[in-house]
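Dropping the structures in below, format is structure tokens.
Okay, so subunit A shows up in both of these, paired with subunit B first and subunit C after.
On to the complex of A and B.
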């Protein structure tokens, strides 16, 4: 299976995305930012779509959309009279509609939409892998440099502000990091499924640890393991059984299954302990 | 700068979106003193703390902290929030919370060093929680959480401490411990401002009291300020004097 060059590239891309999504997913978890991450995946969609049809790099399209949506999100969230949920809902609907308008002008509407939303892991090329690797280096670097401030801000924003830190700057950074992961993963996993990499693994890891570095490491490991499993499943289904299974979707389903099993086990263990006590 | 007056407030007025929330506040605080800010809900207690931190717009008068503008003085001021305002599920242990008190000294892009960790351990020991350093913050009792937050302020080496309702949901043991620790800090010249509903605590642990209700009703020693006349002025008809001279406030005003 790994003798195929396209599988080697897909595997490498999955492992790179595991590192970046596992780390940023942990930030999303402690910041309770899952809804924002989900919203950003939708607001990136028109950028990716426009780039796709203009024959430009998806990476550049996603990057531009990321900057625009991050700035809008941060600015609109600071308007006190409008609550954050309304801002998110407004941005999601508007941006997603804009993306669909762009895509629906094409004859190949359905297949294009599918490709942009769910990605094509098996056709990633060398330049996509290089872009993902670069984004990973930048994002993990930033997390290492300002991780302690990001955690402090997430835990106790009042005391954080009282010490003279600026919330707006750090919140914009958080949104930018999330947006960068979506940028990196847009080609391989698609804008709709990337949120699964950001939310599910960290939520699963939280079930097994109370420590942020361990949650991060377990998240990375989970995405890597489920990524390999999803890729293999997709390959075997397609080559041995002639059934087409998109690997991005397979990875998402496996990650969710692992979360389901662990969550159930945790609940049962707690229940038993309560009865024993 | 350590000799500068910890807090000088002169004719302070604060407004949000042109709605005045607090006015006519004037007092000075000297090193080693502790001030109870007392008043009913919505009286402006939190607003006063926020004004001292430079987080709200001052429309009239002035606030000077350690001889500086509040914004410039922030790193010498520690704010201790109510423990139950923080997420109990957050994945952080007691030591991690206390270490946050060192972040301003450590600076951006750097990790806390050996001296920072030593300061955090010493601060945890000060509040009697060395053995709980590795316990997740949310697994501690309300009183222990409040002690961890006080330890964070101690680790910061602040000259002025601002505590927001530190005795809400705190057991008697932790309450006594908090009072003892504040006493030791005051002996070292640290000034403390505490917003509280607890009149008994104000008498017990504070050298000064400031009664507010949208404006300053009185400032002085707790005995002078927390008299039944002043309290009646601030709280209205909910104040009752008992035969033994104790003043009580009906619970529904809290």
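On to the complex of A and C.
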């Protein structure tokens, strides 16, 4: 299976994405930003779609979309009459709609939409891997530099502000980091399934530990393990059994199953302990 | 009736019901949950197609499975609500894609599930939408006082003995409206009709009763305008309707009494002033 060059590339891409989304996913968990992450995946979609049709690289389109999304999110959250969740829902609906309208002007509507939403892990080329790796280096670098501030701001925003830090700037940075993960993963996993990498592994890891570095490490490990499992399943299913299994979807479902198993065990142990007590 | 006429009735009826229930969604901050439920209809539709049953039934069934799972999972104290909703959203979407790829029969059109297929609405779809809309609106009207009480002061409402069942009833109603908007709008874009008219209405009025009415009318109006534009310019109908709701929000923010103008005024409540 691993002798195939396309499988080697897919595997490498999955491992790179594991590092970047595991780290940022931990931040998303700590900030309780799951909805923001989901909203960003939708706001990036029209950018990716336009780049696709203009014949530009998806990476550049996604980067531009990331900047625009971050600015919009920061600006809109200052509309006082409307709460943050409503702003996010507004962005989810309208931006996705804009993307759909752009795509729907094309004859190859369905196949284009599918590839933009769910990615093509098995056809990633060398340049995609290099781009993902670059984004990962940038994101991990930023996290190393301002990780402490980000955690501080999450747990005590009042004290943080009192010390003279700029809340708005740091929040924009957080959104930008999430957007960058989507930039890195857009080509391979697609914009719709990145949420699975950003939210599910960190939530699973949280069931194992309450220490942030450990949650981060466990998340990275989980994505790597489930990523390899999903890729292998997809390969075996299509080569040996002639069944089409989207690797991105397989990875998502396996990650969710692991969460389900761990959540059930946690709930059952607590239940048993309560009965024993 | 012409195809266009059917579609028009469908989006306006669904738009009105979605606009009205949207006010409850926003009051209770159920926006992310609504987005997740809208995504979760996707695997339900695929499974229903496999089994050869009505897609709406599959969507409803899977939606309810997600509601049930969320209720159980909120007992996990370690993980916050929005992460749990995120896990369920991503998981059900992945499952939908996986099942869609696996299906043996001629492939079900993924695009029409995701973005709607309003021109293919059947007379049965229109009838279902009207029945569901009337039912949901009747329930919301009958329980109006209790639902609003529960939204503003959940603890007091629970102390008085209701709340819990009412919350569940509201979720049932939200799910019912989602499945009626899905054939026309698709799984993701139905969120536009459920939330944007509600927050737009809040920019025009301070009074709750009026908010419901304006939201309903904006929902129906977005349906009408969006569908007309999609017909004229050959755009995906769901996308055009969602963009119309967005345009209405931006216009309202610029023009409405509680939009930009209010925000330009000095911070907070003006003490000592009697005009508002």
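Here is the rule we go by: the second predicted complex is superposed on the first by the 277 of 277 C-alpha atoms of A that agree within 3 Å, B and C clash if a C-alpha of one lies under 4 Å from a C-alpha of the other, contacts with A are read in each partner's own complex, and residues count from 1 in each chain.
Everything that follows uses one rule, which is that a contact is a pair of C-beta atoms (placed from the backbone, for glycine too) under 8 Å apart; a residue touches a chain by one contact, two chains touch by 3 or more.
Just so you know, these numbers come straight off a predicted model, no measurement behind them.
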{"item": "First (subunit B), second (subunit C), both or neither touched by A:265", "value": "neither"}
{"item": "Partner chain in contact with A:243 - subunit B first, subunit C second, else both or neither", "value": "second"}
{"item": "Touched partner set for A:101, first subunit B, second subunit C, both or neither", "value": "second"}
{"item": "Partner chain(s) touched by A:148 [first = subunit B, second = subunit C, both, neither]", "value": "first"}
{"item": "First (subunit B), second (subunit C), both or neither touched by A:127", "value": "neither"}
{"item": "Subunit B versus subunit C, judged by how many residues of subunit A each one touches", "value": "C"}
{"item": "Partner chain(s) touched by A:92 [first = subunit B, second = subunit C, both, neither]", "value": "second"}
{"item": "Which of subunit B and subunit C A:206 touches, first, second, both or neither", "value": "both"}
{"item": "Partner chain in contact with A:38 - subunit B first, subunit C second, else both or neither", "value": "second"}
{"item": "Overlapping contact positions on subunit A, where the subunit C interface meets the subunit B interface", "value": "32, 206, 210"}
{"item": "Contacting residues of subunit A [partner subunit C, same complex]", "value": "28-29, 32-35, 37-38, 42, 79-83, 85-86, 88-90, 92-94, 96-101, 103-105, 109-110, 113-114, 117-118, 192-193, 195-196, 198-200, 202-203, 206-207, 210, 243-246, 248-253, 255-256, 259, 263, 266-267"}
{"item": "In the complex with subunit A, residue positions of subunit B that touch it", "value": "53, 55, 71, 74-75, 77-81, 85-87, 90-93, 96-97, 100, 103-104, 106, 108-109, 111-112, 136, 152, 162"}
{"item": "In the complex with subunit A, residue positions of subunit C that touch it", "value": "26, 29, 31-32, 34-35, 72-73, 75-76, 78-80, 82-87, 89-91, 93-95, 97-98, 101-102, 109-111, 114-115, 188-189, 191-192, 195-196, 198-199, 202-203, 234-236, 238-243, 245-246, 249, 253, 258-259, 262-263"}
{"item": "Partner subunit B, residues of subunit A touching it in the complex", "value": "30, 32, 145-146, 148-149, 151-152, 154-156, 158-159, 161-164, 206, 209-212, 215"}
